[in-house]
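Multiple structures follow.
Two complexes, one shared chain (subunit A), two partners (subunit B, subunit C).
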Partner chain A sequence: MPITLGLMLALSFVVSLAALAFLIWAISNRQITVDQGDAETIFADGEQGRIDNQGTEAGDAERRHVFDPVAAGIDAVSARPVIILLGTATVWLVLGSIFGLVASMKLHLPDWLNQSAPLTFGRMRTLHLNLVIYGWLSLSGLASVMWIIPRIFHVPLKSPRLVLIGAVLWNIAVALGGLAIASGWTDGEEWLEIPWQIDMLLAAAGACFIAPLVRTARARDVHHIYVSGWYFLAAILWFPVLFIVANIPGLYSGVEEATVNWWFAHNVLGLWLTPLGVGTAYYLIPKIIGRPIYSYAVSLLGFWGLALFYSQVGIHHLIGGPVPTWVVTLSVVHSVMMFLPVIAVAINQHVTVAQNLWALKESVPLRFISFGALMYTMASFQGSIEALRSVNSITHFTHYTVAHAHLGAYAFVSIVMFGAAYYILPRATGRAFPWPGLLKAHFWLVTIGFAVYFFSLTIGGVLQGLAMLDATRPFSESVELMKPYLEARSIGGSLMTLGHLVFAVNLLGLAFYAPRHTQAPVAAE
Partner chain B sequence: MNRYLPLSILALAILAFATLMLVIAPGIQINARPAPEGLRPYTEAEARGREVYVSLGCLYCHSQQPRSGDQAPDGERGWGRPSVAEDYAYDQPHQLGTMRTGPDLLNVSARLPSEGWHLTHLYQPRAIFDWSIMPSYPYLFDHKDTAGPGDVVVALPAAHAPADGVIVASQKALDLTAYLVALDRTYPAPTNGLRDHGYGSSEGPEPTPAEEAR
Partner chain C sequence: MAHKSDPKRPAEIYEPYEEQAGVPLPVIWIAIALAFWGVLMLYDTGDSVRVSLNDRAEDSEALANVTPDEGASLFEANCATCHQPDGEGLRDAVPPLAGSEVVAAGPGIIARILLRGIDGPLTVADATYDGHMPSFASALSDAEIARLASYVTTRWANGPDGAASSADDVTDLRGEVADLGSFAGGMELARLIPSLPPQPPMPAPSAAPRDDADVLQLVFAGRDEVWSCASCHGDLGQGDETTPRLAGLPAAYITKQLHDFREGTRVNESMHLVASGLTKGEMTALGTYFATLRVPSNAGAVLSGDLARGEELALQGDWSIGVPACFTCHGASGFGVAPGFPGLAAQHAPYTAAQLANWAGGERHNDPLGLMAEISGALSTQDRRAVADYLATRPPVPAVAATMTRMETDDDQ
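After this line comes the complex of A and B, so read on.
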């Protein structure tokens, strides 16, 4: 079958450029009506110009809040599913962090906890990744989607019970997946370790999340779909396609399987976790500050740019490997093109925050979310540069990549989700966090811990890569020079894990020790 | 953007296009290549050993894809010639890997062919390299008073040997070792082997589309 490779490459370029041109044409001809007024659709009357920081600050009870009965009626329906999603997500976060910390320590204490196979590095690391991706990030992201979608569409969440069933099934599937990995039953590819038999349960659970969201979207009572809605509605379609296609058993083998593997794994970041994080930030940043985002039209470019370019970056994980040159080059080019949508998001989110820096003092959730949004920009810029062939020769196969992965999945998505949880939970429960100081402690533990983590692995990773590229230095040098950096990573990871325990304590405090909010907008059912 | 259906269709169309480019097209191209003459399928013991390799997660520290000399000195380190897609014809799941906390293993047997060496190294890597950070795998071995008939005894230096008795390899350890000593793809690469030639190529230029079609 004649595949004309150059043609494929050219086709991809042409289609991407044509789509961008179409987009610009569509905007300029008002085919897709997006004007700055639409950015204000997330506010109820009287909400603009006021900080929205209920339930997270000391002395909070005296502050006046705008009471929006419409939003309150909507929130009452989403409250229970969202609380359950966030609560169970937090359990996976704590477990996943402990496994991650153990895996990290094993790299400088190789004979520690070595008496049985489930404790070995290869399984601890895998447990960490799967629990934080499928347990923590997916569930907390879905909680955020379940909370925001009904609010921006002005209708209560449809079929909330189906969401509860989905949450139960999803948690069972993640638990079974964890047990399978610990016992050595694995599909054997990174990000796809959970056996396909259990993946079917995950897929069924996913359907229980998606059907209510699609129904809610179709029943919406607004003219305009707010930007967060674009990201969320696309993500809940992208992820099932990715997940099912990549998990079909027995269909792929050899290097073909490797391209499927990285098409999937990078799209989990690009088309699932990233839209969840970006969409959440797009709603909560302006909502908390009480001012619309800076340039609404640019957000459209950011969204379609992300879809076009992010979907094709996966093969940069196989640069210099046994895959056709053209597909590597294609992914490198698209990786660099990611600068475009990222800058579009950055203009909107960072400028909105920068014009309202006062609000960071007033709202701890905003502090988390705007820090996370900033890290999205950093992670994406770093990723685009890392995909360049010359840079990749040094960083590929080293701990630099691990640091980069955590900059994206942790410093961006996880930290946005911390902020979202702190914003949503007081409103969903009608209570205030009993110890506001512990919210700040959480923030500083995870940001300082992450800084230690990131800089140690980044610096160590570059040195490791340079050592491996120098034929005059034995391989052992690249191992030995990493040791102090791996120890530093464990220190950073310990601080992060401690922060997660503080997060869990805050949630438990809200559940069991919290004063009822004086102006509880939501009566728990 | 106010409409749900166009948004969904366009979003899925973009993903379908990406799937065509990253999955379907390379898949067709890769599957058209026959397995090289020098490559044989895994034996039963090797295949079982490969399952042990997969289940213990060796992948997370060891790649199986030597790079070309234009990019990195993998060949000079004894890791073998740059691998091509055809070299993986019998691999499922693939274990290409993305990490080199430890060295590349695609041709580990070409430089370390001894079964005994691998058993010792698996039982306690630091019995061989004091700098190693590889986990030890004591649960792949049995501690016995005396070796029975057919038992494979692991050679250990005094510092790592048990005070009394011997360490013998379990079936899993023997299978894993059988897989490791089978990892040798140093046979000549097929002409115009499929790989990333983006760093220039000592093996001549990339085949043109017309050559590829033939």
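After this line comes the complex of A and C, so read on.
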């Protein structure tokens, strides 16, 4: 067999798959031995001596899976940073969604609000993107990490003051970045618009978040790191690498720049926002339901599959671009391989929910989180299929891609973060939400709004793609046929924005109208 | 809070954990299937890289050393339509190659003629012809011209040492004749070939409307809403990309298009604006002006179309889909047939392909009999690209007297 590029690629792919299989086999085997050893020692200690009230057959096994983070003084330390992170994130969410709504309206009302440059589509859309990614999603995700990491490591958050400093710096940087974009000063690459001078401040703020988390992880008081911990720790190490490498000024140009740009833009979703969302769901779903996750080995497959496959996924955006064919093919293969980790996460999370549907009725946070987790499965399956050349060449340069991006970043990560906020905040503040009905209103506004948004853009996007590919139809036809779908998108977007205002009202209500609990905080309604 | 008593509700201190179930079997099967697919995809992409590398190597090899047989096929593809397969020419229309004093002069002269074309009367083998031979400078590579010149001399000249012409010679020649335009008939050829019989004189250049200051004003400077033709179509009417080449199109065709743009029967926002500012007289004058322009081709196959398929469509058509040969109506070699059929040769491929798509989609519908809608509709996207690419590689409408020397020559390709 002659040595070709394809042979080399195929061989290295086989080797990495074999390594992945071996890694998962080795870790899960070792874990079983460790767990058996652990079980004996823990039983000897008798743990906290508090027995769960579920008289199930698994009672023995569950007896040792109890830990009181309040009594251990853990929640008290995390509360302040988490409240500040979530509060400021909500401000960016509201601003970001208003900008997004304005940008959406401009697509079918092109003459509206075009009096000054900052109000034009190019800046409104960019503001929307950057505020929701760096303002809302990153900060709310970090809040969730700051809350969950100390809990699963059984040790209070280290250096909480540093986290506060980080939160202040990060918010200043996002505000400056927004002002820069509004005034037309950008780095000129999608997802990397914030000027690199301001990126340095973001990086410094990021370091203030990472150092305390790494210190907390090192001081952990557990033998086994729960799956949420893997995702969180990986995310806070992956993201700085992505962010710094992609933002170094003057290092790339031309095709390289485009390649690095899409490597970054897609990895922000897969290696930053996804682990934040998946890790949060992995903790809160079993926590709220009170049942364990289905399989440790499957969660290993989910995590290491993401780590191996995701980093190459973004290059499929350069379809038809002047990059070597094999680079795009490698990306297509990796995109499709993402089926594996996604199926793994789906088994672990959805099975647990499906067996305990009663909990969905009872807990609004769980409703948000399991809906979001379901959307992770959907977004990833859709993404894998979308990356195939036959699909991508129709849908890529259309609104279909916008719908897909929102399925991932909004329906999955944002909605999980809503649920996390509703779960965490009553416990962090020791208060209950004063108007439980508004939590449900929020849920229905954003899910219905999103459904309208997603289906209109998906259908419209396919029609738009087919029209653009047909040389016998004038280009203007592909623009005109989108109009009703774009109007529907604005309607969906309005419902979502309204939902965000309700979310903000709920948080304000918690801050100013909620009675203080006399006893330990209770699960939010 | 009311739910505190619910027996299912977990205690606040419950801590999530994972059970020790193995990976379910279906997941393992899916993993293996995906892995196989991925390996095949990656292996296959390497193969396509290898194939395209080989293609490229073969192409450049083919350019470097053309085999003698290719001289024959080049002749058949480019020359035989007019000079006939046996080189006997057409009485009163196309000079013969067999027994021609010009061919006897050797491959150097043939190569020069191929590069420059001829425009003017000439006498060959005791007969006088009104010579109109296009320049093949843009249509053929140096190696191809060398091979063709050698082939013609070897086959029809009586000298045995006639075949000495190499691609390097042609490269030198190409530079030498780049700015000269077409041969001015037999008069100019006789200067290079002393053995030629007496040649007829060149006719005096006709009083072309290009001397009309008003027309030149429109072409190069424009007027109010009528921006200058040259600003998009180029100084010489050579066009670019989706802006068509106008040089050498039939005058009546250009005039009709301007008229249609104004009336809206042919849709184009820019041209509608321009044509609305023109008088009928100006339209006619502009048509005549561009019809008489002669410039080398700056078009090429840029759409990655299948040139063999394009050639088939242009020369033979494809009756299985009901498409006649382009050249049936648009004239031999695609030079156009006045007044209604525009020349297609050397037209820019993106423009041709876009027009074909417009005919097919009904966006353009200003032809007299609705022929083009039917023909274009039968062509696939690949066919449209193939034929557009092929036509772009053809030599342009043959040159007339090079009286436009005051304008710069357009860069070749």
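Following the convention adopted for this analysis, the second predicted complex is superposed on the first by the 460 of 525 C-alpha atoms of A that agree within 3 Å, B and C clash if a C-alpha of one lies under 4 Å from a C-alpha of the other, contacts with A are read in each partner's own complex, and residues count from 1 in each chain.
Quick note on the criterion: a residue touches a chain if its C-beta (ideal position, glycine included) is under 8 Å from a C-beta of that chain, and two chains touch if they have at least 3 such contacts.
Since this is a predicted model, take the numbers as computed values, not measurements.
Chemist: What's your read, subunit B or subunit C touching more residues of subunit A?
Modeler: B
Chemist: Between subunit B (first) and subunit C (second), which, if any, makes contact with A:511: first, second, both or neither?
Modeler: The answer is neither, since A:511 touches no partner chain.
Chemist: After the superposition on A, what does A:471 contact: first (subunit B), second (subunit C), both or neither?
Modeler: In the superposition, A:471 contacts both subunit B and subunit C.
Chemist: In the superposed arrangement, which partner chain does A:7 touch: subunit B (first), subunit C (second), both, or neither?
Modeler: Both subunit B and subunit C are touched by A:7.
Chemist: With the two structures laid over each other on chain A, which partner does A:207 touch: subunit B (first), subunit C (second), both, or neither?
Modeler: neither
Chemist: Touching A:451, do we find subunit B (first), subunit C (second), both, or neither?
Modeler: neither
Chemist: Should A:294 be classified as contacting the first partner (subunit B), the second (subunit C), both, or neither?
Modeler: second
Chemist: Just subunit B (first), just subunit C (second), both, or neither: which does A:325 touch?
Modeler: A:325: touches subunit B and subunit C.
Chemist: So, A:357: does it touch subunit B (first), subunit C (second), both, or neither?
Modeler: Once the two structures are laid over each other on A, A:357 reaches no partner at all.
Chemist: Show which residues of subunit A both subunit B and subunit C reach, each in its own complex.
Modeler: On subunit A, the overlap between the subunit B and subunit C contacts is residues 4-8, 32, 324-325, 329-330, 470-471.
Chemist: Along subunit A, where are the residues that touch subunit B in the complex?
Modeler: For subunit A paired with subunit B, touching residues are 1-8, 12, 15, 19, 32-34, 106-108, 110-111, 114-117, 120-123, 125-126, 184-190, 217-218, 220, 223-225, 230, 233-234, 237-238, 241-242, 245, 250, 252-263, 267, 271, 300, 307-308, 311-312, 314-315, 317-325, 327-331, 389, 393, 396-399, 401, 468-471, 475-476, 478-480, 482-483, 486.
Chemist: Which positions of subunit A touch subunit C when the two form their complex?
Modeler: Interface residues on subunit A, with respect to subunit C: 4-10, 13-14, 17, 24, 32, 35, 48, 50, 52-54, 62, 65-70, 152, 226-228, 282-283, 285-299, 301, 324-326, 329-330, 332-333, 336-337, 339-340, 343-344, 347-348, 356, 358-359, 362, 432, 470-474, 520, 522-523.
Chemist: Using the touch definition from the top, list the residues of subunit B that touch subunit A in their complex.
Modeler: Against subunit A, the touching part of subunit B is residues 1-4, 7-8, 10-12, 14-15, 17-19, 21-23, 25-32, 54-61, 63, 65, 67-68, 71-73, 76-77, 82-85, 87-96, 98-103, 125-126, 129, 131-139, 193-199, 206, 209, 212-213.
Chemist: Please give the residue numbers of subunit C that touch subunit A in the complex, ascending.
Modeler: Answer in residue numbers: 1, 3-4, 6-24, 27, 30-31, 34-35, 37-50, 353-354, 357-358, 360-363, 376-377, 381, 384.
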